[in-house]
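There are structures below to look over.
Note that subunit A is present in both complexes that follow, paired respectively with subunit B and with subunit C.
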Partner chain A sequence: MTRLSRPFQRGNTRSRGGLSRSAGSDTLAAYLFIAPAIIGFAVFVGYPLIRSFYLALTKYNGLAEPVFVGLGNFRRLFTTDPAFWPALRATGYLVVLYVPLSLILGLALAMFCNQRFRGVSLLRTLAYLPVVLPAVATITLWKFILNPQVGLLNTVLDRLGLPTSLWLQSPTMAMPSVVLMMLWGVGGTMIIFLAALQAVPTELYEAAKVDGAGPWSAFVRITVPTISPIILLQVILQTTAALQTFNQPKILTNGGPGFSTSVLMLSIYNNGFPNLGRIPQLGYASAQVWVLFVIIIAVIALAAKFTSLWTYSDNTPD
Partner chain B sequence: MNTKLIGAAALACAGLLTLSACGGSDSGSSDGPVTVTVMTWESTQTNAVIKKALASFVDPNIKVELLDTPSGQYGDKLSSLTQAKKLPDLFWCGNDTEQQYTQQGLLVDWTSKLTGDFGPDKFVGSAIENWKTADGQMGGLPSLMNTYGLWYNADAFTAAGLQIPKDGWTWDEMYAAATKLTGKNGAKYGLVADQLTGPDGPFTMSMYAVSAGGAPFTDNVNHPTKAEADAKYTEGVQKLTDAVKNGSVAPPGYDASNAQSLFAAGKVPMMFGGQWLAAGFQVDKPKVKYGFAPFPQVTTPATLYDSVGICTPQYTKDQDATFKVLQYINTKVWDAVLPESPVAPPAYTPAQASYFDALTKAQQTTVVDTVKADLAAEKTVGVRFTTQWAQQVGDLTTAEYQPILSGKKPITNLPSYIEKINALIKSGG
Partner chain C sequence: MTTLPTDRRPRRLIGTTAWYVTALFVAAVMIVPLLWMITIGLKSGSAVFEIPPRLLPREWTWRNFIDGPQAIHFPRLLLNSTIITALSVLGGVMTAMMAGYALARLRFPGRKVWFYLFVGSMLLPGVVGLIPLFQLYKSIGWYDTWLPLIVPAFLGGNPLFIFLARQYFLAIPYSIDEAAKIDGAGHLRIFTQVMLPLTRPAWITMAILAFQASWNDYLNPLVYLYSSGKWPLSVGMAAFISPFAGKTPDWSYYMATNLLYMLPPLILFFVAQRYFIQGLGSLGSTTQK
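On to the complex of A and B.
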């Protein structure tokens, strides 16, 4: 901070005009450098955001001009659409199941991979491998694994004399099965936790050990507080991702059985891009997008609010 | 230094803007022959045969180009091309698409072109009727018929001491057979009938009601004025619900995408399906002896009708040239394609011989008999609404009708479901 301010102070004493030219050029250059990002944001985020809000207030199929219907789409969403509330329920259920499980598993895996033992590098690679594999291919593979009649999972359970399940074809087991598949990619969560764990000073653990703290006590009193900002980050990231889940239910179940896995993103897609060459309902889908947008903002704000109550922050000035 | 930086940044911006402006645009027309583009949803192998057949189309003023497009996600592709106004001159379309796009004024109306040897009387009657919009327009021509029936594992029937399904057998006989076949030879269910338990189930159930002398689920799938569930219809739903409950029929939500391979492996003894499966069975050779029977009946035969076709966008460059190619596909191309892959009987009746010849040659006689019976059936019901609000009916079916079949809601809820559909019909979505 001090180093950056010096040239300005120096210039100020020499020539006011020289400073203006130099500062002005720097400012212009800065604006030009960030221009691509600003233009990209305006064109690909800002404009679509405003446009989608306008479309949410219209009846629009992408073929004819939009017809303004006011809050008609929202009224239909909340009052007559038989798919909307089940979609909200399915989305909420997925978030409640997936977010805590992914955090717990990711952290547990990271702690295990943070130990020093032979083969730990291989284990870390294997844990992260599913993240780099093509999503559609792995989801399709899981569809075969979870097939109740010829799938690998039921075959193994059957051989072991354990009860089998209809998995994706059962209204009660479909969403847990989708979540099970999603946890396959928990390596992404693990890698961030691993980085956080490796940044925890070892002296803290040594001091705790001297004071007679056990592993659980060290975890609760040292590890969790120290990595709590990362936990907060993960809560926000995982919640956002879960609310926008699309690939897994689309490929595994297409929302079924019934509406049991028909999450909001899938419902939006089906209205915006219906199959069989049907006419899209882009205005209605836009209204759904805005409802999802508001939900995401609200959920993240709540998550951040509650998580920040126990988040440890080391931002005290020197 | 700053000047250089500013220059580099400006160059980067210009590059970005140039890239973003690189949208596709139509190339200008020339004085040469007009090119008619064709897009199908067929497999690579079938497209190769179609391409070969189209090569025989000779007209010095017309060049035909079959677009090389993968068959997957055809619906998505169609939506994108429609919104970009880049549809090819001729594209494969379903009855739903034809009806909806024509009502939006997107397709060329071919009604006046159907004359003489290529007149409407040369097509299957129900297909022509259903490709007309409420105001009599035809935004495309039906090309292939979809007929439906029941695929059965003859070996399983014989082993269980059951009579092989045939023309005239009843719904009660079908459910009794399903019960007896359940659990035999690794078969979890005796009958897999996605068309009865899936989103189109209420329409398929019309067959039961109509066959018993009752009313269909709706009076017209293209221009409906009402939906209803009379006593006969309700009786059919009750029987299906009972069969789902006793575990002999696969419940709503059953993933039928593997049903064909499970049938071929002998693990599904009966399944509802279209005639097009015959072409796949000819290649994959199921392990079991199989056959294709008409749908069961109560007192009189009733079946489903459906057809697919070929549509043309309003902005096609040369309507006459496009129609010549369309006519060539309907009258000549199937003769080359169907002997190699007998997927469906053509809607243009003079071209049907090649389809039936191919099946007869492959000894698929039960398929020939059933398809012929279906095409000649007097009582037919549509497979689903083709209206713009059809998707909302699908959602209502998932929310209200399927839970009745699963036993989660009582059958007394059926009138409430019908009432909601009638409200949709009345409001036009």
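On to the complex of A and C.
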């Protein structure tokens, strides 16, 4: 943690003697420069935080004034709503399936692409390609790839004599199919790990080789400890992103079959912005938002607690 | 390299072969879905559902690349997306650079507090704002307009950009400002004429990230835009293939158009590849610095 101390101190040691006018005019100029960001912070962070917390405690359809109901929304969520626990389970299943696979495959691919072979930069580019493409474009493409009758995946599996599947149309396979689609974008994880791997000092590996360490022990004793801050960052970023997954289940399955892919975000969307003819339940949806928000904060807090336990920190003076 | 012991050469050869076989597999997984998409785009509507499916079209229906975009109203959607994205890139980069400049290079009371508030707000999940902001926009008549998609960018919309801008500004020597000040330049001139040219890689990276975020955004336009004439590509494309009134969507039209939808980010990626990588590298630096 000591290395987190500010690296640039020069701003504080600026000469002030000759520029007596600077102090006052700097403050004015600075606030003019950050004014848009401050207004944005107030409107898009401060206001929604307070307002959504208040709405979570109300019954509100967006037309009449909100009616205060205390913890009524939360009671309904946890006790009577038949869709809430399945939504929580689907969200948890997605996170548990996607995050570890994305990290392991991303790191494996990064290590694979961190070797000196001809064409390795082309491979990196290709692996990163799906990340660059618009989400809707790739999700809809995969919706058709996963089509059981004429999709690419079953066609290929069938030609290879391997078992095929109903993919998105099967209650048990729907979520794994969604995760499979999401893993096509593993290049995003790869590229961050790759940057971290390239920053590992090569002397460490050379020293380990001299000491007779094999590739596995070099990986466990050098690679993993050195890049552990990045691994942790990735765990946090990917878990919070996975908890808020919306596009894939919305477009691929719209939550089905049954409740198998009805993640929390989809449930929030459907309650807050229902189809025409149904009344929005904005208070209720806000309560769901707060459940999700608390889960996200808990994940970050937990990860931060673990940081001090297992990430490697360089305490030697630079 | 040159003096390998003879017994290690076969092992090396096996290693190389294994690497290339794996590389070929990875490359195929990434590229084959896209090639397959093009073949679907070239098939006639009924050939798509032929069983058993053929990998290549029997007749190459090039007309799909004209009829498809027409059926999906692609030109209209493209124009909408272009306007929304261009404005939100401009706003997002501009206000983040301004805030980054103030936070890194000016001394003022509250500097640290605002920095921590901005950085802290990176942790706030976007979903928290969804419902209150929707109501806010509705009450001021912004529902079913592009304003909710554009105005936030002009108010420092992305705290990550503020953070990146600040980090970049911190690395520039302060003697440059001093020299400019002695020449009588004010902050606006230092910012526009000295700092912006020096921080080119930073704002190009941000512009790319902002482009991707806006071009890809699906949830926000889905929530805020009701009229199909105002939709950007993401919502329009997804609407075309969502099952509507039991009608099967025309997949060959869709896939032909999907290729066109992918082209702008694809071209940008190949032109500015190093900035994409740089952007992600700077993301990693959040923990390293």
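Assorted remarks:
We adopt the following convention: the second predicted complex is superposed on the first by the 279 of 318 C-alpha atoms of A that agree within 3 Å, B and C clash if a C-alpha of one lies under 4 Å from a C-alpha of the other, contacts with A are read in each partner's own complex, and residues count from 1 in each chain.
By definition in this document, contacts are C-beta pairs under 8 Å (C-beta built on N, C-alpha and C of every residue); 3 or more make two chains touch, one makes a residue touch a chain.
Note that this is a predicted model, so its numbers are computed, not measured.
Looking at the shared chain after the overlay, A:278 reaches subunit B, while subunit C stays out of its contact range. When both complexes are overlaid on chain A, the residue A:29 reaches subunit B and subunit C alike. Shared-chain residue A:258: touches subunit B; no touch with subunit C. By the touch criterion stated above, A:229 is placed in contact with subunit C alone, subunit B being left untouched.
Residue contacts after overlaying the shared chain place A:82 against subunit B, while subunit C stays out of touching range.
Once the two complexes are laid over each other on the shared chain, residue contacts for A:206 go to neither subunit B nor subunit C. Once the two complexes are laid over each other on the shared chain, residue contacts for A:150 go to subunit B and to subunit C alike. In the superposition on chain A, contact is made by A:38 with subunit C only, not with subunit B. The larger set of touched subunit A residues comes from C, when the choice is between subunit B and subunit C. Taken together, the two complexes place residues 26, 29, 33, 36, 39-40, 43, 62, 149-150, 273 of subunit A in contact with subunit B and also with subunit C. Partner subunit C is touched in their complex by these residues of subunit A: 4, 7-8, 10-12, 14-15, 19, 22-23, 26-27, 29-31, 33-34, 36-41, 43-45, 47-49, 51-52, 55, 62, 109, 112, 115, 117, 119-120, 122-123, 125-130, 132-137, 139-145, 149-152, 155, 158, 184, 187-188, 191-192, 195-196, 199, 229-230, 232-233, 240, 243-244, 246-247, 250-251, 265, 268-269, 272-273, 282, 285-286, 289, 292-293, 296-297, 300. Within the complex, the subunit C residues that touch subunit A are 16, 19-20, 22-23, 26-27, 29-34, 36-37, 40, 48-53, 55, 95-96, 98-99, 101-109, 111, 114, 117-118, 121, 123-136, 138, 152, 154-157, 162, 170-171, 174, 178, 181, 186-187, 191, 212, 215-216, 218-219, 223, 233-235, 237-238, 241-242, 251, 254-255, 258, 261-262, 265-266, 268-269, 273, 276-277, 280-281, 283-284, 286-289. By the touch criterion stated above, subunit B contacts subunit A in their complex at residues 2, 5-6, 9-10, 12-13, 16-17, 20, 74-76, 78-79, 82-83, 93-94, 96-97, 100-101, 104, 106, 186, 188, 251-255, 258, 262, 267, 388, 390-392, 395-396, 398-400, 402-403, 406, 420.
Within the complex formed with subunit B, the subunit A residues making contact are 25-26, 28-29, 32-33, 35-36, 39-40, 43, 61-64, 81-83, 86, 147-150, 168-171, 174, 253, 256-260, 270-271, 273-281.
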